[in-house]
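A single structure is presented below for examination.
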């Protein structure tokens, strides 16, 4: 299905990804990371994106954020094609460590975008304090990022996005480096934020439970070159809690459904042929993606 | 850790550290530096005394020291030092200011950078020395001549370092700045500037030495007042000892400049791995 | 960029999608645009210059031919200069990188050597040359040493800073896998400092050309710098300007060579920096 | 651009003092200028001199042409060369001259003590250090070699600043060096042997250097030029007659060791330029290819 | 309990951590990351370490690896105090992205330590190929790390450690960036490796399921300043598989036990007082670590 026919005048979708394709052209390696992605996200939606490692989730996010130009197709945000990072958007990068400025303290890192928003000093400080406390880092505002543990750094990046109060929030595996308990807390933080502020959220994760617990919808991507394999609506009640929701029968069903799709995804890509990822100039290499379980045969 | 007693103050903490502890602090460094310099002076004493070269042409340290002591008593010498330092400092300040501004403008506007690259490469290697007639023609044997030469030579050092520094921005950090919609100015101030700072500091150190060299060379060749002029006088009078004494003075100025630059670096780059690494064991 | 025809994985940022031809044209424009504009300006402003020391550009260009192309100067002066320059520059690379790695890796070595090096660095070449002559005589050795004595500093300083800034995680990776000695030097230290080393090379190149001229102020009887200084001394001002132009041209050509080297040696670095913005919006 | 107030002060200033900048190299040759200032000879002519150090002929010419100096000291070959390039400079008065006495001049060619070279003729085909190529030193050295019956055509010249020459000769990096005072004495003190007094031998009573200005200065400030010439004349005469005072004044503007200063041979400071010697020099320059066309030196002489 | 009395002559433990304490002393912030850790690991053990974010797991690992000098206490490996990285050890860093050499291809990155081991070319290539295939990256040996997705980079770092064939393997959240399916495969890879080669493994993770599934023992650390809260022996059968083991009753029990400890850990540290993490110079900050769920009150 090609979305190119859709006119941008229907007010519904905030974000429209249409026939998105992205090829990384390098000197010795050209990779079609994303083959054909079409979907839309309504205002105030919370959509989780799951897919195998290397599927193109980060690529997709970077296209939506306007950091990467698609090879073809387009990303339409609020009716206009995305040309660069749109205002009012915040992104939490997968490489959290590198996205923090090492020359600034935690507090300064979180505060910088707020200064740009021309907020008053008092308001800024309040936002910084609240968001740092929300991620459990109220006690380290004066530390430098490189003095923090991995998980703490990731939470700083998260706090920065939260304090920014964006309209649209893109998160790329934002909880990958934090422990289970903190993770659960942060999940609840994201949901409460979403409910309170009506922000539209696109959440990339590789944790299926997390995707099902958090989202209204879960987009399952195939492995590279990528297409949308499935779009699962999560019909769990709006009020979720870590214990109750996760132990409900519907949760287990949805989880199983997504899991099944992911299993398929690992072995199927947008490409029906035997070359799920094309390495143009290394044709002598086996192009079929190997499964780790093959390792036993070593 | 906390309530008072549990943790000794940081300064006293690390007596237990194993094998490869740092030990020497800043004082230790200064001591080592002095030791290095002393070694150098000893070599300078021994080489002429051993007859490797005649002491007529390269006097031993002790004789240079004698001439230096004499110089220090002369008002003329101090006037020359002041003149040189003035030319050096003004020239350096102008060069750094210009280099930073032009560097950031060119560095942040790719089109400009692309279209000026060839011209920069063309102008850079033109030696200041070749510009001497032009300088004399325009300004005579004055401070302004010296400044022209100093600025011309030092400017490129700063510019190139800044251009490369700006290029070194971490892509993820840059994307972060874009997505938060940071304005150009904020990006320059909070992203490009800190990234380019280590490069700039190297540039300043390079430029400081070049500026000093050019100030003295200009004085030497044009005859503007200053240490170079004194060196010329000593040279053409065959006063080898005082000539070397003057050279030692220029060298010491260079060392002083470097000490200042290092101080600056420690102050503004405390977050940088190169400085951080020196504080932990 | 937007939808439609741009399926071909080319760069559509340049505006004109004329592909290779467009890019070559743009490159030519970028390289020649400003110089041509400046030369034109110079030409016009100097057209009826009366000042003896600032002859009209037209005259300079006319003389260029005679002075450099229709004489044996290319071979007799430019070539020896270039050889001395290359020798000095290459030695400076070896010495600068070698010493830089040493100083950058060991804090004590740096503390020990830094004042002496800073001292030597601050001594102007024109007064350093006589000392060098005491040890190295007047021949090419002395001139190569003069070039070396200037080129080495930018390389050294940049190497030291580059080495000091090596990523800690990479350093630790090497320690853990027992990567030591030459392997560590090459695979970790030099490679990771290489972007900054190349900056140093670039600086050193132009300093080297300058010192090539200075070295030929002493005890020389051929060379590009020697010729320029002779022109200057004998008031052959037009010829002197052709020499300055030639120096600039030479600097530019050498810089292009260095850029090619940089592209090759640092391709990973450019890839790393640009991978994420290729075809980018900016 | 020049700071000199002589531009605006009334010519022949009644009571007004003209401030004049003179470019000069800090060497023995310009002792009369400094002596004259010290003795007040310039004051008497209502001139206040500021001596600006230069480092050689070309800077001096440039400074004069650009108006940075009113007058400057430079050797006559530089003047002839400048003139041959149509630079409008002209001598005002004599700067210094050879003593004309071989064996007792202020410059000459020295060799290491054990050198096989015995006389000027022996310099043929040798490696000789000179301070500036294609200038007065090599021209006169060639001339004295020819006069001694040697072949001056295949000499290898090495350009070196005077201060480096004693080390170069004694270290045998060159076969010989053409040096002037105080290095002439210094080299001899170190054992070097003199084989030629090229200034004295090449041309009798040769004028070596002159104080010069632009034609424009000379014609437009004729009065000032005249007064400068008068004061300079007095100074030259005084210096010539009082060599001890000349030696003493060296201490005020050079760094020559007093012991050396007492021993050096002073140049001659005659009252007039020896026009004939300058013409001979100009002709030699044509012979040696320093300039292309023969020039009439009256163009550059007062 | 202080281990200083233990003599190193008992051949059993390969690794002995004795009264380890680590204080990071910075210019504006001094943190006692690890207060008092004492435990030992026998040859051929597979020990998982869990603990809240910022607990000091990475610090502990770096001390064991000889990269960081303890403030007091010592780490004894094979009877000798660790002074620097011991030979035959491999480490997978939490900052996987930064631990790969950007100027080398994937293949070269994996091969470099092997060259250092002076292995023959053919053997090296075999090891590189096998380990890359084992982690599912057989098709990208010529790519540069920065051309890979986050998960792929992490797997390259893992492949490098695996190819090295170490005696002792330290891993710091090595699967944080990979998807659930790949993660499961990699877990099995680690176990098969361990069983096949007899390597001693210390595995830091924040995933409790993972810790229980993988380990023979699970060390639960308190939050900073850190002590060992619990040392749970995992008495599951040696042959484990993703479906069977994870659904067993014993697994659920163990999981619950560890989870309970972690819950405690979040609220309890080596310090009985009210200041789990002290920022010496920011006394005006609330020192009690806030829970993210507080955020609702903003």
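Note that the chains take the letters A, B, C, D and E in the order they are written out, and that residue 1 is the start of every chain.
One rule holds for everything that comes next: contacts are C-beta pairs under 8 Å (C-beta built on N, C-alpha and C of every residue); 3 or more make two chains touch, one makes a residue touch a chain.
In UniProt terms the chains read A, E = ABC transporter ATP-binding protein; B, C = ABC transporter permease.
Predicted model, so just to flag it, every value in this text is computed and none were measured.
Any chain bridging chain B (ABC transporter permease) and chain D, meaning touching each of them, is among C; the list is complete.
Using CA-based centroids throughout, the chain positioned farthest away from chain A is D. With centres taken as mean Cα positions, chain E sits 83 Å from chain D. Centre to centre, using the average C-alpha position, chain C (ABC transporter permease) and chain D are separated by 40 Å. The distance from the centre of chain B (ABC transporter permease) to the centre of chain C (ABC transporter permease), each centre being the mean of the chain's C-alpha atoms, comes to 19 Å.
With centres taken as mean Cα positions, chain C (ABC transporter permease) sits 45 Å from chain A. For chain A, the set of residues touching two or more other chains reads 24, 26, 62, 66-67, 84, 95, 98. Along chain C (ABC transporter permease), residues 53, 130, 134, 167, 232, 237, 271-272, 275-277, 282 each make contact with two or more other chains. With touch defined as above, residues shared between interfaces to two or more other chains in chain B (ABC transporter permease) number as follows: 57, 133, 137, 172, 175, 220-221, 235, 272. Residues 29-35, 38, 51, 53-54, 107-108, 111-116, 118-127, 130-131, 134-135, 153-154, 157-158, 161, 164-168, 195-196, 198-199, 202-203, 205-207, 209-210, 213-214, 217, 225, 228, 232, 237, 240, 243-244, 247-252, 254-256, 272-273, 275-277, 282 of chain C (ABC transporter permease) are the ones that touch chain B (ABC transporter permease) when the two sit in their complex. Taken in their complex, chain C (ABC transporter permease) has these residues touching chain D: 52-53, 130, 133-134, 137-138, 218-221, 230, 232-237. Partner chain A is touched in their complex by these residues of chain E: 24, 26, 28-29, 31, 50-59, 94-95, 97-98, 130, 133-143, 147-152, 155, 173, 176-183, 185-186, 188-189, 192-193, 206-208, 259, 262-263, 266, 277, 279, 281-282, 285-296, 298. On chain B (ABC transporter permease), the positions that touch chain A within their shared complex are 170, 172-173, 175-176, 178-183, 186, 190-191, 194, 271-272, 276. On the side of chain C (ABC transporter permease), the complex with chain E involves touching residues 167, 169-170, 172-173, 175-180, 183, 187-188, 191-192, 194, 268-269, 271-272, 275.
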